């Protein structure tokens, strides 16, 4: 059986809803241009504040995808 | 245009609901005493356990706010 | 008053719903075999991707529990 | 029950005696101006050397205290 | 000569006296249930504050012990 | 001789010139409200990009200052 | 489909041959007492020196295994 | 308002002048092939030495840019 | 002499043999699509376990390559 | 006024008494061969265990000393 | 071709001018006693504050130099 | 029994073969000038790439050796 290789891309997904939605948005956007997405890791959670509340959530994720031969 | 300066405050927001709510609670509490809140970063997620479930969520965030001149 | 000792166990809770649910599932599973669970800390958030979406959330947590004498 | 919020302050306590005394001195000093001190975490231990011995111990601690509403 | 294997356990020792005593208490407690304890590493020093002083010291240590065959 | 205590404040200095100027600006701004500033440590260097160049430099520093008794 | 839970155990495998062999030895030893071993992560590579050469390799790994229900 | 997504690229800018120039060179080079560059973060500063002086500065930066839809 | 710029790509090479082979496989795969590969850094070593042994080695590496002008 | 340069040496002090004594022992030993010792930083606290107690404390410190011209 | 070995020395260069000059000063001082200096890495940037401004910059660097055989 | 002191030296061993050989080469080189070598820790694994393959492995290790009195 052949040895696979994976590439890792770093993406910031955003959302006004929360952490989970920001991750989902980032993965959905990445899946438009990358194929064979396999896993993700959350690296950082940040966001903007306005009017005493969270204006947006910015979640940095690393996405691993299998390279085709 | 003048150079801005920001100060960073470290806050622990808590909630019985989850991570997002704990962040929102911490920012809402900070906005009562600090002005010009601009961004936040999540540094740590912890909590207490009781009766085999999550009793509360404690999310440590750093909050950046613009200093006035 | 006597000095307590705690032990820390590392668990990966999973869920198809999101970060909060994965933490709750991990704690619920740990509470079946460990007693006196006291606190948790989130160490890592990862997951699998399939069909351009999150297939599951895997949240690594450390769980502290009091040792009985 | 209401959700509490905590603030975290970073302090460097010093002592000529050792690590424990430097932590105690830092907390004693902080308690003069902050109320509801709840917990501390040691972040760094440093010090000056003179005449081939420790001249002082400088222990950086984070101190968490509950914000009043 | 055979290759040994070690297991690492994470423990929080506590004390009202200081860092050294908390480490000693954690190791003493661990030695009641684990055999062949070999080394420890301090990972974190925390504690509670009450009345402007240290109420207890909580020292997280990793303890390595040799597995028997 | 008495034991001193220091407090640490986290500041983001900014500049359109470069890293050194952003640090100097942050310290100058902090010195308007804090007394007995003693040392600084650079924690993070970031900035905005516009028109293919650096629009501003944002340098996060920790500033230590001696507490008066 | 049900949500799985995993536990993580920290092990130090040793060998006189090299890094790979120390990992394999640690996993072989762990598999004698743990079931459903699923993945490992290398956390630290150390060793003893004697007579100007490597006397043994000590590789700390985390091993994840699925908890049975 | 729609949720934006950002991608992060890691670049090493170099210069014989200093840290600031190396960052500027890296961003200038990246702006030739990437659009919508938004922010940067400095991750590492290294360089070569020759004849007892700095031969070049190598500054690793992460560059965030907005993905177009 | 002109200032060079480098880009850094993150790759996971895999192998059933060991750490070295996984690194070599990742670099060989990356060299099929990237030019001017210059250096690598190992960031993480993981793998799957099956039947009490290592099923595969997954080594995450960063690869630096010179950008052409 | 001229610019000073400092060198940093890494030392492991040991003691059967505790953390403070191990630091003092390491500094005392270093002062026998190095001059102008100026400051220290604690990097790691470890030790051996025997008979269910701490056999020795091993404290890794960095020691800074001013280079003479 | 023979395998080279390098040694790494940790130095704190200082300057009243800025980060770049402190690095250059540290390397110039190290080159007086060490030969075959090859590369440097910046590990920490600190400094003293006086009169609301930067009194000196202290930049900790690691310097790699080739060992002669 | 007297308290021992250890010094830690940082070395980069290189090899065209792999990680293990680079560590062995570094330790062999260090043993020519240092006495009482006791242990090592791997801190970083890097290398150069040429012709789509690994040109050399560079492994940074810390080496601990006992100081004689």
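Read from first to last, the chains carry the letters A, B, C, D, E, F, G, H, I, J, K and L; within each, the first residue is number 1.
What we mean here is this: a residue touches a chain if its C-beta (ideal position, glycine included) is under 8 Å from a C-beta of that chain, and two chains touch if they have at least 3 such contacts.
The model shown is predicted, which means the values in this text are computed figures rather than measured ones.
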Chain I and chain A - chains in contact with each: H
Minimum number of chain-to-chain contact steps, chain E to chain H: 3
Chain whose average C-alpha position is farthest from chain F's own: G
Farthest chain (mean CA position) relative to chain B: L
Averaged-CA centre spacing for the pair chain H and chain G, given as whole angstrom: 38
Chain F and chain G, separation of their C-alpha mean positions in angstrom: 44
Chain A and chain F, separation of their C-alpha mean positions in angstrom: 32
Chain A residues counted as touching two or more neighbouring chains: 9-10, 19
Listing of all chain pairs that touch each other, if any do: A-B, A-C, A-H, A-I, B-C, B-D, B-F, C-E, C-G, D-E, D-F, D-J, E-G, E-J, F-H, F-K, G-I, G-L, H-I, H-K, I-L, J-K, J-L, K-L
Of chain G, residues touching chain L in the complex: 17-19, 44-50, 52-54, 57
Residues of chain D defined as touching chain E within the complex: 19-20, 23-24, 27-28, 31, 37-42, 63
For the chain I and chain A complex, residues of the former touching the latter: 9-16, 22, 25-26, 29-30, 56, 58, 60
Residue ranges of chain I in contact with chain H within the complex: 3-10, 62, 64, 67, 69
